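Two complexes follow with chain A in common, the first pairing it with chain B and the second with chain C.
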Partner chain A sequence: MQAYTGKILHVDLTTGRSKIQTFDDAFAKMYIGGTGFGIKTLLDNQKPGIDPFDPENPLIYALGAVCNTMVPCGASKFGVFAKSPASNLLGEAYSTGQWGAELRSAGYDILVIRGKAAKPKYIWIDDESMQLMDASHLWGKTAWETEETIRKDLGDEYVRVSGIGQAGENLSRIACLINDHFRAAGRTGLGAVMGSKNLKAVAVRGTYDTCVADVPKLQEFCKDLYERARGPKTSKYRTLGTAANVLAMNKQGALPTRNFQAAMFEGAEKISGEYLNERYVTKIEGCSACPMRCEHIAVVREGPFTGATARIEYEPTMAFGSNCGVDRMDAIIKSVELCDMYGLDAISAGMIIAFGMECFERGLITTQDTGGLDLRFGNAEAMVEMVRKMAFRQDIGKVLADGVRPASKAIGKGSEAFALEIKGVELTGYDIRGLKTAALGYAVSRRGADHQRHGSYGPDMDGRVDRFKAEKSRGKIVVGDEDNYAIFDSIILCKFSRGIWNGYDEIAKIYTMVTGIPYTGEEMRKTGERINNLARIYNIREGLTRSDDTVPPRVMNDPIPSGVSKGSRVTQEDLDILLDGYYEARGWTPEGVPKSEKLKELDLEGYESILAGKRK
Partner chain B sequence: MRLIVQYLGPIQVKLDKKEEEINVDQGLSLFSLLRYLSESYGDWFGNEVLENNEKHLREGVLVTVNGIASGQIGGLEAKLKEGDIVTILPFFAGGG
Partner chain C sequence: MVRHKFVTVDPDKCVGCRICEYVCSQEKDKVFNPTKSRIRVVRIYPTVNASMTCRLCEDAPCVVACPRKALEQSKENGVILVNKDKCNGCGWCIEACDFGAIVLDPSKKVVAMCDLCQGNPKCVEWCPEEALELTSRDLLSQKARLGAVKKLVEASKTQS
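And now, the complex of A and B:
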């Protein structure tokens, strides 16, 4: 096989030892890379039921199959996997930039980190060499300072670093991993897993080429793909960027506002993509070998947050903007900058602060709890300061730092009613009360509240279905979307490029050109299905049941109060219809457990023993 | 009949206009409205919104009528009524 290195590097932080395990074509073909590799490796290497902060919880980096090749929109992507401290289920996050390509250049496709160092360390991978370096001088530094210091210490500005800031050191369950300054493996708290190991970062430098199977065919194909990736189907990313979603979502009554108390925000214009580009964007950058170039880098040039610099996308704009009732783009940029520095999931951080704001306005917490902050909706300065407090676990930040689920348990007084989370992971930027297909996708998403494992807001928003209605047939739609995205997350292809690909057949073609491994479109589809079932097996093993496939109480009980989606919510009856349709489409039992015939169909019979006792 | 047409995203930037009120024939279809706007602003408008200027929205473009996506109300054949608010906006682009 080509492109793959075929090597898994295992590092044990307790003993300081490492070993290399190899894999073959058969493994590559079954699981492809990225999410397939990550979930399989986690399932097979993690003791069932352990605590996410147990040293034996493996932290796994898995590269996409086309990493470090000429394939546009896929050249540097990687996934990170572990048992999540946020959900106690599958932890899964993706990033891009340049780090992934460097790991493959160094000679590895998967990195598995176990154990716990006696003192702070960072892993330094320099081609075949792996060393555990002293990180005591890095502990307490931001993720950015860590990257700069490591490069200086190693005397090489081309070293790529994936690491944590103070939030990960403080085991915040929403801590993330930052690489290449502006990029994050954001969700599900994997930065805290790294921190629990006394591990500060993984630094990589690689010098080997990645060879592909069919250079002339791949070149030809990539030329065409390159033009498509620079064409009209992706122009929205280069022009206003994803922040253009703000006004679009607002128009359709789907923009989360004030902790999902509403779905339209009166200040939307001032946090829109149009406003951002006009006043704050200084340049647009791209990932390694990507022609789409979507990164809108924004700088604040005046006011109390002068100098704040961040890559701005829709989700954190929603999380720190409309959902906190804040109509100040400068405060949003500053908040995202702090998240990048301290290593916090920007989506979760904004969502949690919004929860804190509602608690404050309801009198459930006071200025005594907030360290004097007037934490009302719309108070931009308080919002920014609360990001800091969460990173350093100060005042109520100590409780908020772990997410809305534990925070609502700690605060109590009925706050669970407005804790917007699924499986312990905070919701993202779609008000699913008026998007019933998306609501199903969120409810069943393998890593908790998430739009990225399915993208099923698409049929709702473009009118292919009646978005206000729950139907059993949505199950098939979400299954198709999930299986498609599992392939995107395995190859790994940027989802911004999803509009330029012509189905599974084309993805299979490029996979074969890169790796030399024959693959058909139908095999690709089946692999996507396999990966989703593998994730389900893992989650069931760690305790998931049908009751976890749900939506938050607010989504069920509080209808959207106004606008085009007025009156919408997801009732229990809606949820039951949607779940029944989904489980049936998946070939699972009514309790959401894959049937044995489905396991056999997907060559996963080896895991039957995990599920046998769970079927009724 | 009187319609309000709203523009979001790149089209708003190109037109340098967020919204306008127009008067058109009673019972006009959504497609006919888009063709009318294309004739007013030039071919680029039609190319921006329609796939090959045919009765199909270009990928990445959404048109809503009173907040509801055109796909849900009969597509571009949908007939407009007095006072309808038609919004031409970029399709949702993920992000984050």
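And now, the complex of A and C:
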């Protein structure tokens, strides 16, 4: 096989030892890379049922098949996996930038980190050399300071760093991993897993070649793909960026506002992609081998947050903007900057502050809890300060730093009714009450509330289906979307580029050009299905049941109050129709457990023993 | 010499995507390996990006610095030619270059720099941002001159 290094680097922080394990074509073909490698490695390397902060919870980095090649939007993507401290189920998150390409240049496709260092350390991978370096001078530093200091210490400006800020050290369950300054493996609290290991960062520098199987064909195909990547299918990402969604979602009555108390925001114009680009975006940058480039770097030039600099996307704009009732772009940029520095998932951070704001307005918490902050919706300064308090676990930030689910349990007083999370992971920027296909996607998503495992808001938003209606047939749609996305997350291709690809056949074609491993479109689809089933097996092993595939109480009980989606909600009856349809389409039992035939069909029968007792 | 063409970057257009590095290493060594690329991207956070490669200096300092006379500047097109038998990878030329445009091939242990791909640089061809340009000092000053005059004309129009 070409492109792959075929190597897995295991590092044990407790003993300081490392070893290299190899994999063959069969493993590569069966799991492809990224999410396939990550979930498979986690399932096989983690003791069932352990606490996410147990030193034996492995923190896994996995690269995609096309990493460090010129395949558009795929050169540097990587996934990170562990048992999630947010959900106690599958933890997975993806990032881009340059770090991934560097790990492959150093000679590895998968990195597995176990154990716990006695003192703060960082891992330094320099081609075949692996060293545990002292990180006591980095502990307490931001992710940005850490990245810069490591480069300075090692005297090499091309060292790439993936690491944590203070939030990960303080074991915030929404802590993330930051690499290349503006990129984050954001969701499911993987930064806290790194922190729990007394690990501050993984620094990498590589000089090895990546060779592909068919250079002339790949070049010819890439030329075409680059053209497409500059065409209409990606224009949103290249022009206004994802922040264009603000006005689009607002118009559809699907823009989360004031902790989902509304789905339209009166201040939407002032947090729109148009407003952002006109006043704040100073540069658009790209990741490795990306011909479309989307990173909108925004800088605040006046006011209390002067100098704040962050890469701005729709999700954090929604989370810190409409969902906190804040119509100030400068405060949103500042909040995202702090999240990147402290290493907090900016989506969850905004969502949790919104939850805190509702608690405050309902009198469930007071200024006594907030350290004097008037934590009302719309108070931009209080919002920014609360980001800081969460990272350092001060005042109510101590509780909020663990996520909406633990926070609502700690605060109590009925706050569970407006805790917007699924499987312990905070909701993202789609009001799923009026997007029934997406609601199913969110309910069953393997990493908790999430639009990135299925993208099933697509059929709702573009009118392929009646978005207000729950039907069994949505199951098949979500299954198709999930399997497709699992392939994107394995190759790994940026989902912003999904519009330029013509189905599985084309992805199989490029996979073969790169790796030399024969693959058909149908085999691709099946591998997508295999990966989703593998994730289900993992989650069931860690305790997931049908009752975890659900939507938050507010989504079920409180209809959207106004706008085109007025009156929408997802009732228990709706949910049951959707779930039944989904499980059926998946070939799972009504309890959501993959049937033996399905395991056999997907060559996963080796995991039968995990599921045997779970079927009724 | 003023008319010798070389590859230059417009930092306002460069997004730091590193496609030039991938294309260059593929073209020259049939591998993907940015450390072998004759053009390297520099990113200074948060917003500075620029690809750097050989500028075909007059009286090239790298040629002067080489103690083994392994480097020679082509009279025809100004590119620096490396005699692979003479070069022992000592790195004097790398130190002499003001632009960091010379790379030491980590496997072959000889230096390499931009050879303009027979007059059709692949990095320029592939750059999706059109940030790279094959140009000469003469053309660059022409462009600057024209731009300056156009600005003056515009300014006088708005004033009158």
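To be clear about the criterion, the second predicted complex is superposed on the first by the 616 of 616 C-alpha atoms of A that agree within 3 Å, B and C clash if a C-alpha of one lies under 4 Å from a C-alpha of the other, contacts with A are read in each partner's own complex, and residues count from 1 in each chain.
In this text, a contact is a pair of C-beta atoms (placed from the backbone, for glycine too) under 8 Å apart; a residue touches a chain by one contact, two chains touch by 3 or more.
Given the structure is predicted, the values throughout are model-derived calculations rather than measurements.
Undergrad: Following the superposition defined at the top, how do chain B and chain C come out on chain A, clash or fit?
TA: fit
Undergrad: Of chain B and chain C, which one touches more of chain A's residues?
TA: Touching more of chain A: B.
Undergrad: Which partner chains sit in contact with A:I297 here, chain B, chain C, both or neither? Use first/second/both/neither.
TA: So A:I297 only meets chain C here.
Undergrad: With the two structures laid over each other on chain A, which partner does A:H451 touch: chain B (first), chain C (second), both, or neither?
TA: After superposition on chain A, A:H451 lies in contact with chain B alone.
Undergrad: Could you work out the angle between chain B and chain C as seen from chain A, using CA centres and rounding to the nearest 10 degrees?
TA: 80
Undergrad: Going by the contact rule set out at the top, does A:Y226 touch chain B (first), chain C (second), both, or neither?
TA: Touch partner of A:Y226: chain C, not chain B.
Undergrad: Looking at the overlay, does A:G463 come into contact with chain B only (first), chain C only (second), both, or neither?
TA: The answer is first: A:G463 touches chain B but not chain C.
Undergrad: If you stack the two complexes on chain A, which partner ends up touching A:N88: first (chain B), second (chain C), both, or neither?
TA: neither
Undergrad: Given the touch rule stated above, what does A:S497 touch, chain B (first), chain C (second), both, or neither?
TA: So A:S497 meets neither chain B nor chain C here.
Undergrad: Could you say whether A:I284 touches chain B, chain C, both of them, or neither, answering first, second, both or neither?
TA: second
Undergrad: By the touch definition at the top of the document, which applies to A:Y208: first (chain B), second (chain C), both, or neither?
TA: Second partner only, chain C.
Undergrad: Pick one for A:E315: touches chain B only (first), chain C only (second), both, or neither.
TA: It touches chain B, and chain C stays clear.
Undergrad: Compute the least Cα distance separating chain B from chain C in the superposition and give it as a whole number of Å.
TA: 19
Undergrad: Which residues would you name on chain A as touching chain B in one complex and chain C in the other?
TA: none
Undergrad: Along chain C, where are the residues that touch chain A in the complex?
TA: 15-19, 22-23, 25-26, 29-36, 43, 45-47, 49, 106-107, 126, 128-129
Undergrad: Give every residue of chain A touching chain C within the complex, in rising order.
TA: Residues 68-70, 75, 98, 101, 105, 181-182, 207-212, 215, 219, 226, 229-230, 282-293, 297, 299, 309 of chain A touch chain C in their complex.
Undergrad: Touching residues of chain A toward chain B in the complex: what are they?
TA: The touching residues are 186, 232-233, 235-237, 239-245, 247-249, 251-253, 273-274, 313-316, 318-319, 346-347, 428-429, 451-452, 455, 457-458, 461-467, 495-496, 499, 563-565.
Undergrad: Please name which positions on chain B make contact with chain A in the complex.
TA: Touching chain A from chain B are residues 6, 8-10, 12-13, 58-60, 62, 64, 66-73, 87, 89-96.
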